[in-house]
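Before I ask anything, here is the structure I am working with.
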Amino acid sequence: MEKRILLTECADATGLIAKITDTCFNHRLNVIRQDQFASHEDAKFFMRSVLEGDFSESEKIIAEIRSRLPEGARVSLDDGHRRRLCVLVTREAHCLGELLMKAYSGALNADIVKVIGNHEDLRALSEKFNVPFECYENADYPREEQEVKVMEAIDACSPDYVILAKYMRILSPKFIRHYPLGKLINIHHSFLPAFMGAKPYYQAFTRGVKIIGATAHFVTDNLDEGPIIEQDVIKVNHRYDPDTLAKAGHDVEQMVLLRAVNKVLDDKVFIHGNKTVVF
Amino acid sequence: MEKRILLTECADATGLIAKITDTCFNHRLNVIRQDQFASHEDAKFFMRSVLEGDFSESEKIIAEIRSRLPEGARVSLDDGHRRRLCVLVTREAHCLGELLMKAYSGALNADIVKVIGNHEDLRALSEKFNVPFECYENADYPREEQEVKVMEAIDACSPDYVILAKYMRILSPKFIRHYPLGKLINIHHSFLPAFMGAKPYYQAFTRGVKIIGATAHFVTDNLDEGPIIEQDVIKVNHRYDPDTLAKAGHDVEQMVLLRAVNKVLDDKVFIHGNKTVVF
Amino acid sequence: MEKRILLTECADATGLIAKITDTCFNHRLNVIRQDQFASHEDAKFFMRSVLEGDFSESEKIIAEIRSRLPEGARVSLDDGHRRRLCVLVTREAHCLGELLMKAYSGALNADIVKVIGNHEDLRALSEKFNVPFECYENADYPREEQEVKVMEAIDACSPDYVILAKYMRILSPKFIRHYPLGKLINIHHSFLPAFMGAKPYYQAFTRGVKIIGATAHFVTDNLDEGPIIEQDVIKVNHRYDPDTLAKAGHDVEQMVLLRAVNKVLDDKVFIHGNKTVVF
Amino acid sequence: MEKRILLTECADATGLIAKITDTCFNHRLNVIRQDQFASHEDAKFFMRSVLEGDFSESEKIIAEIRSRLPEGARVSLDDGHRRRLCVLVTREAHCLGELLMKAYSGALNADIVKVIGNHEDLRALSEKFNVPFECYENADYPREEQEVKVMEAIDACSPDYVILAKYMRILSPKFIRHYPLGKLINIHHSFLPAFMGAKPYYQAFTRGVKIIGATAHFVTDNLDEGPIIEQDVIKVNHRYDPDTLAKAGHDVEQMVLLRAVNKVLDDKVFIHGNKTVVF
């Protein structure tokens, strides 16, 4: 029997779970896992249901569920296609390397279909794993044109998600709005909202913090302000300088990005205003 | 409007969530939070629903839900009474102290109605917080008789839960079976199943571990083998000796016990064979 | 044999360790633990040595060490007196409670000699533990006068350290400069530098972070910017609201403050510009 | 100026630090970092000093230091050669992959000179990174002979350390004794001493623990009982089955192994009986 994930998102109201699960039951779909959340501050309802059964009438089921929910409800049932990732990089290898390794060993539930760099540094690494690498060097194009090249390269491979794996160039609002919210995932090398902007490890060193971290988030117009998917930290001390902070931080970055991508691929992440619901 | 927690536990089957939420919906009870889990290995279903509405017909609702579930289902709706804790102690103050402080500051959702010691050491502390203290010294009674005294003292205060807050005496099977599984909660001073038995900090020192921990668990006949509710750890290093390990460990113990008790008081913990489901 | 802690701080130079340990050796003092750090960015040397031996000539030893070190060196040998703490509070009990409990059970290497509040709320708690409580209510005095009262109350008990255990009032520069840097220790209810200022749990909720934390730091003129002694965090998720974030955060706050105070009492903390060296 | 690491290990005595640092000072070697530990239970002294200066007379310096220390002292000064690692694997890619990635990106302070498998699975991965792979399949040789083949393959590449990166075959005492203690480093897929032996994730699932971990340790005759270098853990819950526990555990394994190898390569790890001192 097949398994599919049903995602529901709408204004909160009484009886939502009953209506959705009743519809599933009527179509002989068994709920094997269900997570639900209703927000207090703005009365939004979010539910993720792992269903098992026969999905030949899935369009009909979705329509039936939608008809029983409040106006404007979003209902989706994944179609089981293998997800496609496009990864943007600059020079640092650790985040891309972790994704490539997990894809290689079968521990990533997606295909990395293309890597795009604004430097040539990571071509060799990508090609080792037979992933096409395209490069649009900052130096070779005017800023705007370079971005257009990158967008075209992204769109040409039809990815489900674009992963900014230490892509060290600020994206224009035009670029960001070209993609639906939730499609661009960034790893930021600090425990946001501490140390926003550039050189966070140098900032952390200067401030003398005893813990550093990393943050994976969806990208929005507001730099470093998008909905946070995952964060983690490690303890540091006075012996760390900016370089050793960065080296230690890289290990956190790659793990935080990996976990965030895995959760998104498992359809466990809803965007809720400027926050996320992560089941 | 009132809030109550509905707990359901039964053999897994299709349509369980639909049936339960439909019944709630029919009685105009709104589900404001729901967590559900079905185990693979033995096909058990567990659900916790936070309901809001009018509970004047709660007996009828429970009966109706039960009638729609598989044979042997357990269904309960908390009656909203404030829970009563009885705490058993020996000499170490930190776990009792943490519970007393949180009860005092209003951060514990229960009353500590009695403290029972097998040493006099913690009488003064209990009485500072106006909690009656009874002492049955190991030295004053034959072993079996001392245990009977303790049982009688427990039963006299009708507690919902008995918290073994570093009660350093092994309980007999007779004592343990006198209480239903789930009523006795113990804090064990190690990261179980490592370092079972006595002197875990000495064992940790001898083994040279780099992390120590604590485990809160329900008490069963098998010493240190009951269902685990909560665990946590801290990093240590070669500079720690058995005393400083114990001192550092105490902070973990008190926090792990507190969190476990809070989860039990929030009705978030189901016992599942020798394991727990913690929502 | 007696144990004492020698602290040395000076401009970095070659041979410092050799000179200091040689002097100790000549006076038959055995080094049983030694930690040392030299900063790169400003070439400062810090050393903490635990010595064992006869300290009847300690003044002479200190003078001798100082004479062999660069101009301006700070050399100190603790005189073994039991440290005195004065704790400032407002309404929240958890940080004060943790300090009182640890002092009560002998796990704090200091005496809490006085608690000063700007509300009456924690009088009962302090007095349970036989610690004098003085109250200077915000409402009863003009702002400046209230601060003078608090300063006088502090100075009257000659504390080694003043612990701001959730004292919810901003201190004036005059107050802060009245005490030497390193004497005032604050617990800040966030993972600094994230969420500086008031209402950090509300800020954390609004930002949707997945981790919250607490920071213990020395107090300086720049609010929330003093040298950080200790930080810790816990993971949270979308289910937390500002109240449950605060409740969970309190447990981190009390532990971070306790650990910071313990490290300061162990003479393990040096101030290094706006940072700390913590051995 | 050159930097070298001086390691000293001997019976504890008064004046050791003074004698060692004095000798360094006399040879115009500056101590830029120093860590020292003396054990209580068996009075052993361990010190690691990072020295800066002219090492042309290093043999003489070592001899001079040794002559001033108790009988049997071990004194060593690294000769600055780049370390060589030989990695033993079976089928799982994550630990080898992490080491290869870090070596590739320049974040590992050593060369991986050979990978040896008892299955062919990881040949392709090793060869992607231009590391020679040799395979001695369990099925192709009698047990003892296979081990001899592996030993010969190891010895042929003269490694400084042999990393068992999920090498899933128990090594004979003969094999283990062929190498000096401290040369073989293993990653064990559990938080030792919990869940020793095979199938730790299945054991963790059955026991219902709320935390799982990994342990990197030196290999000794006693399986899973060698000196622990590094441990770490992650929180899990009832939703994990043995497979998802293993998947989550792999991320911890690779990080714990990486950190342990980095510490060994930095000469920060001393073996102290069945424990370690890690600076």
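Going in written order, the chains are labelled A, B, C and D, and every chain counts its residues from 1.
Here, contacts are C-beta pairs under 8 Å (C-beta built on N, C-alpha and C of every residue); 3 or more make two chains touch, one makes a residue touch a chain.
The shown structure was predicted, so the numbers you read here are calculated from the model rather than taken from an experiment.
Peer 1: I'd like the angle of the rotation relating chain C and chain D after CA superposition, in degrees, nearest 5.
Peer 2: Rotation angle, to the nearest 5: 180 degrees.
Peer 1: At the place where copies chain A and chain D touch, is the share of residue numbers found on both sides over half (same) or under half (different)?
Peer 2: same
Peer 1: Just curious, how far off is chain C from chain B if you go by their C-alpha centres, in Å?
Peer 2: Roughly 35 Å, centre to centre.
Peer 1: Mind pulling the chain A residues that touch 2 or more other chains?
Peer 2: Chain A, residues with two or more chain partners: 33, 37, 239.
Peer 1: Which bits of chain D are touching chain A when the two form their complex?
Peer 2: Contacts found on chain D: 33, 92-94, 97-98, 101-102, 104-105, 107, 125, 128-129, 239, 247, 250-251, 255, 258.
Peer 1: Under the stated contact criterion, what part of chain B meets chain A in this complex?
Peer 2: 14-19, 21-22, 24-25, 28, 30-38, 235
Peer 1: Can you list the chain B residues touching chain D in their complex?
Peer 2: 37, 39-41, 191-195, 206-211, 213, 227-233, 237-239, 241, 272, 274-278
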